[in-house]
Each structure stands twice: as structure tokens, then as C-alpha cells.
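Here subunit A shows up in two complexes: once beside subunit B, once beside subunit C.
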Partner chain A sequence: MDPLAWLASALGLPRWALRAVAAPLVYPGLLTFMAVALFVIWAERKMAARVQMRVGPLYVSRRLGGALQLLADGIRFAFQEIIVPVGAEKWSFILSPILAFTVASLAFTMVPGGPGVYGFRSSLSLIAAYAILSLVPILVIIMGWASNNKFTYIGAGREALVAVTGEATLLASMLAAAMMYGSMDFVSIVEEQARSHVPGIVANPVAALLFFIAALLVTDRVPFDLVMGEQEIVQGPYTEYTGILYALVMALDYLKLYVLMLMFTHLFLAGWAPFSDPLLGSVWVFAKTLALMLFAVFLRSVYGRMRLDQVASMFWSRLFPLALTAFALSALIHPVYAQP
Partner chain B sequence: MASGQALLDVALVASLAAVAAGGVGAVVARKAVHMIAWLVIMSLGVASVLALMGYGYIAVFHVVVYIGTSVTLLAIVVMLVGCSVEPRAWRPGRLLLALMAAAALEAPLLFYALENPVPSTRLGTGVSLGEAARQLLDCWLCTVLMVITVATVLIEALAIARGSPGPAGE
Partner chain C sequence: MLERSVDRRRGGHRSRPNVVKAHLDAIATAAKRLLEPPITLPYPDYMEARPPGYRGVILFHYEKCIGCSLCAQICPARAIKMYRVPGDKRLRPGYNVGRCIFCGLCVDICPVDALSESLVHDKVYEDVPSMDMDPVDWALWSRRVMDEERSPEKPLLRARLDPERGIVYEEAQPASSGGEG
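Our next item is the complex of A and B:
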């Protein structure tokens, strides 16, 4: 028997309501994200250590190569005191990280995790998931303002610039892909790729590349980690946070990265195709997403940080026009995916 | 089915309440960031009303363009340039007067809506552009009033933008 149907009947809830709760909370949502974050951050530190000829995390669970270091850190954060600076706007300061994390995880209601594994299926799910993610920068700006600190303020300014710059290219590449498939529904996008046996990354590599680069920018990854900018502005808008709130704001960028890489998997890597079994398909989607995330965090080891003005001019004067080329390419390739 | 309809009505009323509360909040708030938070609530309310009316596509793009980008830009310009409005004294009388003036201006719209009620079963189906244009031409006074409202808001915005610059970054 379908476990979802069984659980729905046991709890006396309609199936759609259970779906809508399970997607953001269990898979592909927060519970899975916690495991992903623990693994990806550990892998990021280990990879950087290997490149720099260090050992990396080691002492917590020495036999596992220090894999439980992040869990130990997380537990420590949970028991640390949350310090609100004297000049801070107390409620904005405390509520905005919680709200930002909640809003970002709502995107999981729209992005499927496998065949038939989704919160809501809508003909606009692609753009709706993006719309939800686009609310997060405002909350980061509020964090930076509420902390009442010069570094957080500069960080908030950078976040706004980065959000507007990155999202223009991200949205353009996403719409180019949607135009290519003739759909904004993740499920039908994956079905189109499965039917034609041509994954989006082969059909429109320009859009895929731009999506990936813009995703690195909006999730604050190296070489575009301007918002955090550790050597310049301490921790950017997150400077004043302590305890569990610090853990939340640190996880926020990884959460966004996870959502965007999940979207990349569906848009350009054919999602769960060729599997149609919910379990196998979900595992396949998860494996692709994890591999993409590992690649994204690996870049930290091999790149330096770009300057703010370099990033802005690169995105607006080179990548954004390239995104318009991606549209043209999509128009040419559209017949491959058009229904016969 | 009836409970679904009632739920839709409740959602619509809640969204309209969010629009009203956001609008008043954005004007009354003292700090730029609070104004922005209210503006976000108002825009989410508008998007939700649009979605409930059946214009899902416009609603989603409303969120992307007006909240995701415009409000972010607005936030940073207002905060970094520091052109905040001088904190005014709290005058409930003035607020009431402004609300009454706005109500008087919009009253013909309300009367027209009451005279030509749209059954709530039509919610969520959307109206074609042609039908929307015919409705607007049917009630030309409504159209004129809408234009006046938008012009008023524009003039008010210009007046606020010309306000004396406050201390940088509040």
C-alpha cells in the first residue's frame, strides 16, 4: 500500500494536505536538507583542506573523518545564548532570520523531489518557486538593518545589489528554459525531456550555464561571496547573530543552493528520467542535486573572490545579454520538445 | 463544495484586509524598514487577490517583479541614501480625515460594484481583457476616479521624495 495513502487515512487528513505538509518538512524539504547541509558543509571543508594540504575537520568522530563535526557545532549553537545587541531593533532582529528560513523552505512545496513526490502541482510551479525564493533578500536586508552595525549595513547593501543583479540573469535563463519546453510545470518539463531523450543541458547549454552561474551569485558562493565577504565585512548582514539564529542564517544560503540545484536538476538534467518509480526516481534526483551542490561548494577551493563592481559589470554587460541569446536558442530548439 | 466556496471568500477577504493593512501601515510606519515590510505585506495581498481572481500568472509575476525586485531596490535606495521622511507627530484625526477623503473618492466604485454584483462562483475563473474593457467603459466615472487616484498617489510620492533628507542611514 502507498505509505502516503496509509498515513493520510491513519491521520484522517486529505491526501493533498498531507502532501503539502510532507514536501516542505520531510522530502525534499527540511529533514532532507538537514542531512544534506551536514554532509555538504563537511565535504566543503574537507575538499578545501585537501586542496590546501591540510586535514580539515577530524577530531569529532575521527573514524568517520570528522563527519560529525557539523552536528557537534549544531548542538553547540542550539545551547548558546542569543545575544541581541543594545542598538538593535529587537523583534526585526530575531524574527527576520526565522521568517527568511521559513519562506525559503516554502519553495519545496512547488519543486518536486521525484515522480509524484511534490507538495502542489501547478502549471506555474517553476516561476512560483522562484517567486518564493525572491522574497528572501528583503528579509536579509532587514537583518542587516536591524543589527545596527556598519558591517551588517554594508552587507545588506551588497545583498540588494547581488539579488537584483543575479535574479535578472537567473530569471532570464529560467524563462528561456521554460520557453524551450513550452511549460512552466516541473513535472511536464521533466516528462518532455524523458519523452524526447534530450536533457535540457544538451539542448540549451547557454541557459544551463547562466542558471548555474547566477545561482552561485544569489546563494553567495565563491567566486561571488560578496554578501558574506569574510575578510572584508566580517560576516556581512549576519555579523551580529549568535546561537541558533547564527546557525539559521548560515544554513540559509545552503538552503537556497539546495532549492536552486534541485530546480537545475529538473530543468536541465531531466529530473527523475528514466525512472518512474517514486523511490528510485527520488533517489536519482537527490543524487544529481547532491553532486551539483558538491561541485558548487568545491569552487570555494579553487577560486578567489571577485570585486563587487566586476561582478555587477560582468552580469549586466556580458551574462544578461547572453541570456537573451539563450532565448533565441530556445526558440530554435523548441520543436524538439513540442508535442507532435 | 459550499465549504470550498466559503474558504475562497474568506481567503479573498483576508487578502483584501492585508492590502488595506499594508497600505495604512506603510504610510503610518516611522522607520523605512517597517514601511518596506508593510509594503511587502500589501503587495502579497494584491498578488493573492489576483491569484484568487484566476490570474495566477500575473499574480506570480507580481511577486517576482514588484516584491522580489522593486521593493528590494527601493529598500536599499531609501536605506543607503538615507532620504527618510521626518518622523511626524501621531495625529489620528488627520489619518481619519485622509481615510474619509479616500473613501469618498472611491465611493462611486463601491456603488457600481454593489449595483452589478459578480457572483462569487465566478471567482477563480478570470475575466477576459475585452470584458474588463467593457466594464471600464460601462462605468466611465469609475475609470476617471481610478485615474485621479493614481495621479494623487503619484503626486504624493513626488512630495515625499522631495522631503528634506534625514540623517544618513537613520
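Our next item is the complex of A and C:
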């Protein structure tokens, strides 16, 4: 018997309600994200260390190569005092990171984690997930404003610019994919790819590449880590945060990265395509998402940071027109996926 | 804008590298480096063998001292001060490691070689007062440091520059600081 159905009957809840709670909280949501973040941040530090011929985290759990370092950090953050600066707007300061994290994790209700593993299935789930994610920058700007600090102001300004710049390209490449499949529903997008045996990255590599690059920008990854430019503006909008609130804002970008890479898996890598079993399919989706995230964090050891004006001009004058081209390309590719 | 006009004045455009190839090269280079072992000395588990003539903490041999106080006079950081020791007619030097700049002037000026340089630098002290030692403490502490030098707790490694592999570490034998004879 299906465990979800059994749990629903045991709790006396309708099945859809349980689904809508389980998706953002368990898989692909927060519980999975915790494990992913612990692993990915550790892997990021370890890979950057290896490329620079260093050792990286080691002394917490030496046998695992320091894999529990992040857990130790997390426990320390949990017991640290939360300091609210005197000049800060107290409630906006405290609530905005919590709200940002909550809002970002709500995207998991829309993005499926495997065949039949989703919160809601809607014909607009692609746009809905994107809309939820695009609320996060507003809260980051509120964080920067509420902290009442020069560095956070500058960081908030950068966040505003980066969000507008990145999300234009992100949305254009996302719509190119939607155009290609003729659908905005993740489930039917994956089904189209499974049916035609052509993953989206082969059909429209331009849109896939642009989606990936724009995802790097909006999640503040190197080479576009302008918002949290450590050498320039301390921690950007997150400068004044301490304790568990800092852990939340630090995890926020990884959460966005996780959601976006999950979306990338469905849009361009055919999601759970060869499998239709919920468990196997979920594992396959998860493995692809994790591999993408590892590649995204690996780029930290490859690139330096681009300048703000370079990023803006590159995105608006090169990548955004290219995304529109990809959109046009999708119209030509559409017959591949169109129903016979 | 400026760059473009400069290029035009030179009469011809600069050859640009192939962008796609450059990115792929960068990623491939980093990926290759990912597989190479780290060259960091695993420090607390292995110690680096110090070269002869290394200027570590100063050691004091009480039985050789004649109490001339030259060391205290020459010390530029005033790390050495003369103390009165109960039961001793002469003043003897005491040592504040926290002030020491490891210049070795005291070792050079000592007429009877009662001071010597050790090979140890990385000592840990529980608090600031414990870094300030009187003559007897200093002499006893010096003996302990010399014992540690002779039989180090952790294996010693010596860095060597290999033209092909970069920095390589080799096992090294413990060396004595030389100034004890």
C-alpha cells in the first residue's frame, strides 16, 4: 500500500492536503534540502581547497574528511545569541530572513521531486514556482534596509540590480523551454521529453545554458557573487545577521540554487524520464539535481568575481537577446514535442 | 568605449580569444587540479623540521650563567630582565616569551654561552603571566624544551622543492639546537 495513502487515512486528512504539506517539508523540500546543503557546502569548500592544493575542512569528523563540519557550524549558530543592532528596524530585521526562507521553500509545492511526487499539479506550475522564487529578492532588500548599515544598503542595491538583471534572462529562457514543450506544467514537460526521447538540453542547448548562467546570477554564485561580495561589502545585505538568522540567510542562496537546479533537471534533463516508479524516479531526479549543484559550486574555484557593470552589460546586451533568440529557436523546435 | 577607440587608433582590432574555448579550458584546468593531492603540511600531526641556525625560543643554562646581565642590557624588546634569586648572590636573567622578538642578540653577547637558541617556536601558554618566567622557571622550562627537541612527539617532515611535483615532504631526523654543548 502506498505509504502516503496510508498516512492520509491514518490522520483523516484528504490526500492532497498531506501532499501539499509533505512536498515542501520532506521531499523535495526542507528535510532533503538540509541534507543537500550540508553536503553541497562541504563539497564546495573541499573542492575549492583541492583546486588550491589545500586540505579543506578536516578536523570535525576526520574519518569522513570533515563532512560534519557544517553540522557543527549549524549547532553553533543555533546556540549563538541573535544580536539586533540598535539602529535596526527590529521586526523587519528579524522577520525578513524567516519569511524569505519560508517563501523560497514554498516553491517546492510547485516543483515535483519525482513521478507523482509533488505538492500541487497545475497547468501553470512553472510560472508559479518562478513567481514564488522572485519574491525572495524583495525580502533580501528589506533585510538590507532594516539592518541600517552602509554595507547592507549597498548589498541591497546590488540585490535589486542583480534580481532584475538575472530574472529577465531566467524568465526568458524558462519561457523558451515552455514554448518548446507547449506546456507550463512540470509533469507534462517531463512526460513530453520522455515520450519523444529528446531531453531539452539537446533540443535547445542555448536556453539550457542561459538558464544555468542566470540561475548562477540570481543565486549569487561565483562569478556573479556580487550581493555577498565578501572582499568588498563584508556580507552584503546579510552583514548584521548573527546566530540562527545568519544560518537562514546563508542557506537561502543554496535553497534557491536547489530549487532552480531541480527546475533545470525537469526542464532540460528530462526529469525522471526513463523511470516511472516514484522511488526510482525521485532518486534519479535527486541525483541529477545534486550533480548540477556540485557543478555550480565547483565554479567557485574556476572564476573570479565579475564587476557589477560588466555583469549588467553582459546580461542585458548579450545574454538577454540570446535568450530571446532561444525563444525563437524553441518555436522551430516545437514540432519535435508536439503531439502527433 | 575608451578601449574601442584606442584600438581603432592602433589600426586594427585586437584578436580576441575564443570565449567558449577559454571557459572550457578554465573549467578543465580546475577539474584537473581537483584530482591532485594537497601540498599542505598536515601541521599538528606532523611537524616541519627546522633548518640549522633557526632562531626559536631562547634557552637558559643556569649552571653556566655568571650573572653579568649583558643579555638584559642588549635585549631590544626588554624581554630579559635580571631577577634576584633566593640563595644566589648574583642576579640571574628571567625571560618573557611574550615580549621576545627572537633576534638572538642575547645569545650572541653571552660571554659563557649560557643562552642558546632552540628550534622551537610554536609553544602554547595558558595565560599571559605564564609567559613571563623567572630564572629558575626559565632554566627548568629550557630543559623540557630541549628534551622535546631531542625526541619530538610528532614525526618531522622536511619540505623539498621538486622541479616536477612541486613541494614534496620527506621524513627528517630530529636535530638538536647545537647550543647546548
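In this text, the second predicted complex is superposed on the first by the 340 of 340 C-alpha atoms of A that agree within 3 Å, B and C clash if a C-alpha of one lies under 4 Å from a C-alpha of the other, contacts with A are read in each partner's own complex, and residues count from 1 in each chain.
As a working rule, a contact is a pair of C-beta atoms (placed from the backbone, for glycine too) under 8 Å apart; a residue touches a chain by one contact, two chains touch by 3 or more.
Quick caveat: nothing in here was measured; it's all calculated off a predicted structure.
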{"item": "Simultaneous placement of subunit C and subunit B on subunit A, clash or fit", "value": "fit"}
{"item": "Contacts of A:F93 with subunit B and subunit C, given as first, second, both or neither", "value": "neither"}
{"item": "Which of subunit B and subunit C A:Y303 touches, first, second, both or neither", "value": "second"}
{"item": "Partner chain in contact with A:A163 - subunit B first, subunit C second, else both or neither", "value": "first"}
{"item": "Contacts of A:M53 with subunit B and subunit C, given as first, second, both or neither", "value": "second"}
{"item": "Partner chain in contact with A:F268 - subunit B first, subunit C second, else both or neither", "value": "neither"}
{"item": "Touched partner set for A:F286, first subunit B, second subunit C, both or neither", "value": "neither"}
{"item": "First, second, both or neither for A:I141, with subunit B first and subunit C second", "value": "first"}
{"item": "Spatial angle subunit C-subunit A-subunit B, Cα centroids [nearest 10 degrees]", "value": "130"}
{"item": "Which partner reaches more residues of subunit A (counting touched residues only), subunit B or subunit C", "value": "B"}
{"item": "After superposition on chain A, the shortest CA separation from subunit B to subunit C (Å)", "value": "27"}
{"item": "Contact residues of subunit A, present in both the subunit B and the subunit C interface", "value": "none"}
{"item": "Complex interface listing, subunit C residues touching subunit A", "value": "26-27, 29-31, 33-36, 38-40, 42, 166"}
{"item": "Contact footprint of subunit C on subunit A as seen in their complex", "value": "47, 49-56, 298-299, 301-303"}
{"item": "Contacting residues of subunit A [partner subunit B, same complex]", "value": "89, 92, 122-124, 127-128, 130-132, 134-135, 137-138, 141-142, 145-146, 153, 156-157, 160-161, 163-164, 167-168, 171"}
{"item": "Of all residues in subunit B, those that touch subunit A in their complex", "value": "31, 33, 36-37, 40, 56-57, 60-61, 63-64, 67-69, 71-73, 75-76, 79-80, 169"}
